[in-house]
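This report concerns only the one structure given below.
Labels for the chains are A, B, C and D, by order of writing; each one numbers its residues from 1.
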Amino acid sequence: MNRPISAELIEEHNAAHADILAEDYDALARKLARSGVDIDAIKDRVAGFTVAVPSWGAGRGGTRFAKFPIPGEPTNIHEKLEDCSVINQLSRLTPRVSPHFPWDKVSDYQALRDEAAALGLGWDAVNSNTFQDQVGLAHSYANGSLAAQDAGARAQAVEHNIECIEIGRQLGSSDLTVWVGDGTNFPGQQDFTRSLDRYLEAASQIYAALPDDWRMLLEHKMFEPAFYSTVISDWGSSFLAAQELGPKAKCLVDLGHHAPNVNIEQIVARLHRFGKLGGFHFNDSKYGDDDLDSGSINPHQLFLVFNELAEAEANPRGEFRPSYMIDQSHNVTDPIESMLSSAETIAQCFVKASLVDRVSLHDAQERNDTMMAFQALRRAYNIDVAPILARARVEAGGVYDMLAVYRQSRYRDRKAQERKPVGLGAGIV
Amino acid sequence: MNRPISAELIEEHNAAHADILAEDYDALARKLARSGVDIDAIKDRVAGFTVAVPSWGAGRGGTRFAKFPIPGEPTNIHEKLEDCSVINQLSRLTPRVSPHFPWDKVSDYQALRDEAAALGLGWDAVNSNTFQDQVGLAHSYANGSLAAQDAGARAQAVEHNIECIEIGRQLGSSDLTVWVGDGTNFPGQQDFTRSLDRYLEAASQIYAALPDDWRMLLEHKMFEPAFYSTVISDWGSSFLAAQELGPKAKCLVDLGHHAPNVNIEQIVARLHRFGKLGGFHFNDSKYGDDDLDSGSINPHQLFLVFNELAEAEANPRGEFRPSYMIDQSHNVTDPIESMLSSAETIAQCFVKASLVDRVSLHDAQERNDTMMAFQALRRAYNIDVAPILARARVEAGGVYDMLAVYRQSRYRDRKAQERKPVGLGAGIV
Amino acid sequence: MNRPISAELIEEHNAAHADILAEDYDALARKLARSGVDIDAIKDRVAGFTVAVPSWGAGRGGTRFAKFPIPGEPTNIHEKLEDCSVINQLSRLTPRVSPHFPWDKVSDYQALRDEAAALGLGWDAVNSNTFQDQVGLAHSYANGSLAAQDAGARAQAVEHNIECIEIGRQLGSSDLTVWVGDGTNFPGQQDFTRSLDRYLEAASQIYAALPDDWRMLLEHKMFEPAFYSTVISDWGSSFLAAQELGPKAKCLVDLGHHAPNVNIEQIVARLHRFGKLGGFHFNDSKYGDDDLDSGSINPHQLFLVFNELAEAEANPRGEFRPSYMIDQSHNVTDPIESMLSSAETIAQCFVKASLVDRVSLHDAQERNDTMMAFQALRRAYNIDVAPILARARVEAGGVYDMLAVYRQSRYRDRKAQERKPVGLGAGIV
Amino acid sequence: MNRPISAELIEEHNAAHADILAEDYDALARKLARSGVDIDAIKDRVAGFTVAVPSWGAGRGGTRFAKFPIPGEPTNIHEKLEDCSVINQLSRLTPRVSPHFPWDKVSDYQALRDEAAALGLGWDAVNSNTFQDQVGLAHSYANGSLAAQDAGARAQAVEHNIECIEIGRQLGSSDLTVWVGDGTNFPGQQDFTRSLDRYLEAASQIYAALPDDWRMLLEHKMFEPAFYSTVISDWGSSFLAAQELGPKAKCLVDLGHHAPNVNIEQIVARLHRFGKLGGFHFNDSKYGDDDLDSGSINPHQLFLVFNELAEAEANPRGEFRPSYMIDQSHNVTDPIESMLSSAETIAQCFVKASLVDRVSLHDAQERNDTMMAFQALRRAYNIDVAPILARARVEAGGVYDMLAVYRQSRYRDRKAQERKPVGLGAGIV
């Protein structure tokens, strides 16, 4: 296995912090034991928790105004994989990479799959891109893709998605995530219903090309790049599209794609209730689709989402198999550091949700004992679960203090020597 | 027919304004004729347009902080009917009243129906109330109604709704509007899924009691009175509930019950596309469920809603039969004046939507000619359609300047002499 | 001292939990010591932290739709004081009550002051009420109070505020909180500038009556009860009003009175920077002025507010003396339980902010090390500070598990026997 | 004078529509005369109304996701000026161009000024750019500009702004608009107060370099490109900064830079009341800083803004001299068409505000006659003022139907032959 960070560095670090970890872990173990919770069982549970990282997240993101690159940024899928392997080597939480095409195109996908495997990485959902024009495309997506008036643009978008499925098969993926930028900037620009009909017709062609064990994850978004309407704007539209398409179509929830104030955790529960919860793009936001680090703005909301996932897992109603992925735009940090920190935050919420005393919670709900039902959640939320995560991580081969070791490794500095610099620009191109 | 406003007053007023109206109508006729539009055809179309008024809207509304009554406010359904008949006499737009129970309870509904008929009024959707406790109720709705944990509260709420249907049959109504205040103020207070399951189970009992030609209109609302979650919070939840219940269940859109920034006109199109558009509660809002006068804050949005309704009517996909009702809280105006003004504004939007050149619009959409598609809407929006409405109104027996005649009639002053005063208080009780 | 909860019950409970508390406190002490933090110093700091409770918060709140009373609710200031003393007896965090007039009017304020003192309570800011009409008032506030067109209403509102100051002097208070419901529901209803001019002219009369050591706290609010505009709608308006009035006028921040998505912690920093930070009304919200329990929806935001307060205290720029008060509407819980839980949550955020390593934070900020600056805050936020608060509370005479002891005491049940029941109704009247 | 559109084409078009215009103008004249309004006086008033266009607005805009160029797009200031002259030639509303540096840098500004003059164009506010890195800059703005920790970045940003003033003097401008992207993406990233202090210190250096007859227009923005906080986030911060800097510093309101639901027209009134209203960036938005065409989403709000401007002009309180500019991102339309349509919409709102019967309005306000005060605004809003604008335009040398003539001229097609194509990309670079 090809591991970018020195094993000695990790071992040394972990050894130096073994006593501290043991002390904190034992103290928490005693505290949890008082409530009848076996900390090792929780730790084993978290050992099975993973979240995918997006290949594009390894590079600096930007806004329409500017992008500020950093030295050592990756500029191709090979460098991105290497960076992703650092995240997984240290965190042991992110063993899969989600590719994006055409950005990650290569000539030999079997070789790419092997390259990733050598770095300890597998592949998550494949993402298609029909929201940007690429040099040489026959049809422009300026007026939409799956929902476009232009039949040529629609056919081209369908074909691209089918190509993504084919690439994904070679990589070993089994999910296709479809997000389109289709929408309008003016009242009247397009008819809402006819746009959706075109979308459904085109999407059904993609659906038809889906292997039996694949899922098609539909991602809704309220706005941006379209600023008056979007074709799949909310979970209601996403659900109805998935229902029209068939059982392999599911809904993907990006935490930043909703209207202000919306109760996202209830949407998660609704999608699960009606059999269409497909997965998540984790990030955080304060204003719009800010794509900030997961839990950096509202960690409690993330906990409440995982609380619903814990309920859903206990009540699968057929199937509970959500796909988890980080989807952030790292505009002001080293992307590796942001994804280390974010994966940890996501896992913390998973652990806290696992620590909710559901017997007490349900009992309080049944008695309309609002205060005690709330306290059942709040007690779990208040627990500092870092020792559980650190112990699970170290046991799996990861490191105690991920950011410290990453910095100590001088990985980015080394890459800044090796890699070619990225130019100025804007946005995510 | 018992008409509260003097026929002489109306005739005199209309006669005094006949020349002005003719001049404006003729000028607009010439302008429209240039685009091939026959103004009389539009006028005839608006002559068939109506919108219901809510019985409770005849009284002053308030907030949780206070209510400021006015002299002459109605305090029972008989006085409310009289006020509603003033609105219809002057506007000829509001021939139906929507009752609310138990607020409008009487001992003899056939007599009430006759009383209304004598005032020129029929009956619209019946509204049930399970969001407040009434003196003498066996079960409290403090913890919910259709979704409550307490089976007694659920049964009581079901029974009340079935009673509402029975009353409605006697009055000649054929719609039941169900809005519940059920929801939570704390994370964890209730389980989202189990709450919805209880709601669906109880709602299906009401549905089962629905006559064949009735509809059950489900009204979603994002928040208030519950401030963390509501059971039927958005159009997605409303749609799914209606789908579970059956074909007679439809979704009702209150313009103030959505998250900030949401594209409501697209929601209207989506509900129609999937066969569940049941009707509207018209009002306007800037912040939350402000229940302001229709079109007072964002008249363009109301026009865009009617533009979707015009598209839907032209493409019925089975059925196009939305129920239209004003639902406002008149906290600072004379309710009669607000409803006169609001009915006029709603009808203006209906006319403007009728004036959209749909051939040009669709042609521009097909050519991706965004600017011309937008201009097709904007041209219609910019037309001052007051002469069309005034002519239609006068021809139907209404008055040219509704507010002027209403004030001249001194109706409210006369009622202030006759009716008993309303005490101080808060809210809508 | 008159203490409503049995001292034996408290002692027994604390004794039974002494070992657990010691174990948790010691474990946390060791953890903090590793970072050079002396837990006892933090504990002593929290021992000095207090937050006032509002007299009206002791009763059940409601919305415009309904209020659901509970047995044993207080119905006058004497019963409310008793309930407030329970909160303080158990928590040792809430030694002051904020009264509201005319709701809390009595004939003898010296006696009321003595009554409170016997319960261990003092008095916080006095709140005036010019947003509701009271029986017998000469002028209605239907069209506003300090900003009203009607000079009589303005004079009456000024006079009422001056009376509140006088009552406050007798009670030993030194702050007057002025929140007005003045605003509009329609574009054009009032002129924005002339309304503000009237407000400023009237407020300056109140200001002139302020004793030298008093402060006038201006509370802004975006909407409700007015739904198109409010006279003091945001911190900018509040600041400018306070600047016009003079140095004793300060701005009060209610966490629920802002537009969606607004960065409230930055507003806190701005008000402090420009010398006008007067205090807080603590609560939480998801949609509007929901008045939910502090930190129940977004505890991280509350922490970030306290982080700004910690910065401000370290950089007083003249004065740092914010007034802290809980201001919640307890619609679905026992108000005593909500205030116990809320006071604890507020104090938790105070402690967490105290635990931020400000040397690291500032150092990271100076180096533009975004990730480490963020981690400095996040590390403190993640600490479970319950043992510090519990130890401080128990040492001060309070109890280890406040909700448990409160329930065990059966206080509310006893009051339900003694007190007269509250009727149905709506809102906060 | 160098006019890009053929004079013959314009004359022919206007001649062909002279009768229609006369008929509509006369009909409106009679209608207005009934209310005592002289249409010619209004027409003369609109003849004096102008709004600037931004040089960068002549090119296609985009989002972080993509930009879709059109054939014939301008790629330098010379081509942009030519396009801007088309807008003004047809509309006679936009005689000034607002430049942006370094985007519009040339070697000889006197020559540029002459070039513009030959096209009938003058120069509006100069815009500096410290939110993007340019090739060859010594210091990066990655961590901010005027508020940056890095003294070098701050000095460079100050120097750039002073250079902008110098360029502006040569062009004949007298306003400097300062918008900075400074802010944070993470809690803790920077200290709110120290960031503002640095901003104020740097801004005061720019202010010191301002000629006596210049103004410094501070533009606030809630978010983007920073997504947790921005240094000048709202009108309160903008006002306080302007107050600190001095009388030549004013606040600029971009309609898309506010929190959801905020009452922007009241902010306009507040800034005027306190002497700091500097000007506007007109656009429209539904979600965030969408930079859509002015009035395309909410034309009523734009009218209400102009209603405040009409009140302010009548009550100047010292000075009333707001700067008006279009600031839109034309992502899906021909920028010339969008600016023609937008300038017309803005002028419509100006005319409608001029038509408000202020005597009736103020009288109704004084009598607390809410309905009639509202109707005074609504009556003016409902008037179709197109004939007034068309007549004023034609009389000034512009054209009756701007979009029709522009398309007939095949201007863009001709430029597509002449100009070099723009590459793919994202955002506004």
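Quick note on the criterion: a contact is a pair of C-beta atoms (placed from the backbone, for glycine too) under 8 Å apart; a residue touches a chain by one contact, two chains touch by 3 or more.
All values derive from a computational prediction rather than experimental measurement.
Peer 1: From the centre of chain B, which other chain's Cα mean sits the farthest off?
Peer 2: A
Peer 1: Identify which chain pair among B-D, A-D or A-B reproduces the interface of A-C, meaning that over half of its contact pairs, matched by residue number, are the same.
Peer 2: That interface is repeated by B-D.
Peer 1: Indicate the whole-number Å distance between the mean C-alpha point of chain C and the mean C-alpha point of chain D.
Peer 2: Each chain reduced to its C-alpha mean, chain C and chain D end up 43 Å apart.
Peer 1: So what's the Cα centroid distance for chain B and chain C, whole Å?
Peer 2: 39
Peer 1: Provide the list of chain C residues touching at least two other chains, using ranges where the numbers run on.
Peer 2: 143, 184-187, 189, 222-223, 228, 260-261, 263, 286-287, 293, 296-297, 332-333, 370-371, 374, 378
Peer 1: Within the complex, which stretch of chain D touches chain C?
Peer 2: That would be residues 143, 149-150, 184-194, 196-197, 222-223, 228-229, 233-237, 239-240, 258-263, 265-267, 269-270, 272-274, 304, 307-308, 311, 315, 361-362, 364-368, 370-371, 373-374, 376-378 of chain D.
Peer 1: Report the residues of chain A in contact with chain D in the complex, numbered from low to high.
Peer 2: Listed in rising order, the residues of chain A that touch chain D are 61-66, 68, 131-135, 140-143, 181, 184-187, 189, 222-225, 227-228, 260, 285-288, 290-293, 296-297, 329, 331-333, 424-429.
Peer 1: Considering only the defined contacts, which chain A positions touch chain C in the complex?
Peer 2: 20, 23-24, 27, 30-31, 34, 260-261, 263, 286-287, 293, 296-301, 332-334, 337-338, 341, 348, 370-372, 374-375, 378, 381-384, 386, 403
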